[in-house]
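Per-chain residue numbering starts at 1, and chain names A, B and C are given in the order in which the chains are listed.
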Amino acid sequence: MKKIIYLRFFYPLLKAFFGLFFERKYLKGKYFESSVVGWKWVFRSLFTQKILRINKHVPWPVSTNIAIDYAQGITFDPDDLNNFQHFGCYFANTNYGKITIGKGTWIAPNVGLVTTNHKLNNFALHEEPKEIIIGQHCWIGMNSVLLPGVVLGPNSIVGAGSVVTKSFEDGNCVIAGNPARLIKTTYSNA
Amino acid sequence: MKKIIYLRFFYPLLKAFFGLFFERKYLKGKYFESSVVGWKWVFRSLFTQKILRINKHVPWPVSTNIAIDYAQGITFDPDDLNNFQHFGCYFANTNYGKITIGKGTWIAPNVGLVTTNHKLNNFALHEEPKEIIIGQHCWIGMNSVLLPGVVLGPNSIVGAGSVVTKSFEDGNCVIAGNPARLIKTTYSNA
Amino acid sequence: MKKIIYLRFFYPLLKAFFGLFFERKYLKGKYFESSVVGWKWVFRSLFTQKILRINKHVPWPVSTNIAIDYAQGITFDPDDLNNFQHFGCYFANTNYGKITIGKGTWIAPNVGLVTTNHKLNNFALHEEPKEIIIGQHCWIGMNSVLLPGVVLGPNSIVGAGSVVTKSFEDGNCVIAGNPARLIKTTYSNA
């Protein structure tokens, strides 16, 4: 009963109000409809993004210790908004680089997703970005970095501290190491 | 003389007062009795943990850029409270995982201590945690990660950027690499 | 015209005023003269360094999630002040360790520059520091660590997640891995 009142009455009101500050398409899904933790992120981010102006260019709630070069280039499901609430991650996609994060993917702290390198011979310029695509139900371990153009198929697990330099498009695998190598293949029932 | 007055008079008062907000057993030792830097941490954390509600579930002073899944599972000496004041560390011990940190152990920034993995085939679930035990006088270098079940004996040194996948129970050694391997054994006079 | 007014009138005023709080030699160069983003950093740091007392010992604007043991030991060009505005970096140069950063060098988030190790047999003491020297136009990738005594020549690129244990004094190269190895040599026209 309480939940119905919340969903019918308070949720649309909150969404309408906070939709003045963040894009509405991010203010839905499990963190707003099955739980209310999303509003906690919204409230904190109202202060940090709109008043303190940290990550002010990001149209969804994001913590102060995550850096995003080009928010419009990132595609993700609002159910995975948790990936933007911790610390140490850098979505390095300047020059309109694209990052696609499959639904149900978990990204740990201190992870780098780098679509765009500096030009080797002149760091003031950047190379053309190469899209990073992460499939559904992946898990990117702490302190890992994915380099430009990496494609990970669904159900990929990237071990902590890995540097992923090439694609593993088939997914259903565990990769780890620097550079990341196939550790084992898995079969998902997710 | 000043120190005696502090220890006899001010210290018990401060401990009684701030013991309303943090567990008293953490408000002692060298950072409170030989120095006063501990109170600086307490004061900052009163604001961040009790008012801003960041890491509000942790009963000792901890910085805003350290994540702890299950504070009650972590055992450490209050003389090592410094390990919780910097940034980037993640004590990933959900599902009641245990982490034991030996006295005199130093943990650098951006370190992960992971007792509990996501289930390989369903990330919404977690596997059973496996305890991480770090002996006395160890040093965990920057950007390292320890995986579930790792036991490090006393006087272990983990080189920066290491991923420790197995135990080195004898201690008195330097380990490094991804995965971490024995680099050399040492003899401690600590 | 507006730029001339800024440079002739407002810039000296701002520099004189904020020079009361930070050393003037850091309040110049491209972030203050060709752009005004430097003042944003100054303004934020006035709050975090001077009021909140985080990194209060650092005489230039630095973010709250970068740690610097001994600011006087670090030499850099004010045009590279951007390297101190993100997160996760640790300039571990206690005991008066020296770090020299060549002009035009980019340091990514979560990077460690470690000049001074704990003593192997007694972590309460530190070994003698060994200077880290990074040449001009280098790029230190995310999550990398440079160990004591490392010298990198000009135009060096350190791949993400590398642990640099020895010097590459000739520069003009890409190094990567744990430990870092030569990947390729490059020829710069920068």
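A few points about this structure:
Throughout what follows, a residue touches a chain if its C-beta (ideal position, glycine included) is under 8 Å from a C-beta of that chain, and two chains touch if they have at least 3 such contacts.
Quick caveat, the model's predicted, so the values are computed rather than measured.
Note on chain A versus chain B: their Cα superposition corresponds to a rotation of 120 degrees, in steps of 5. Different-residue interface: chain B and chain C share under half of the residue numbers found at their contact.
With each centre defined as the average position of its C-alpha atoms, the distance from chain B to chain C rounds to 27 Å.
Touching of two or more other chains is recorded for residues 65, 87-88, 110, 143, 161-162, 178 of chain B.
Contact residues on chain A toward chain C in their complex (touch as defined above): 65, 67, 87-88, 90, 92, 110, 112, 114, 118, 120-123, 143-145, 147, 161-163, 178-179. Chain B makes touch with chain C in their complex at residues 65, 86-88, 104, 106, 108-110, 137, 139, 141-143, 155, 157, 159-162, 174, 176-178, 186-190.
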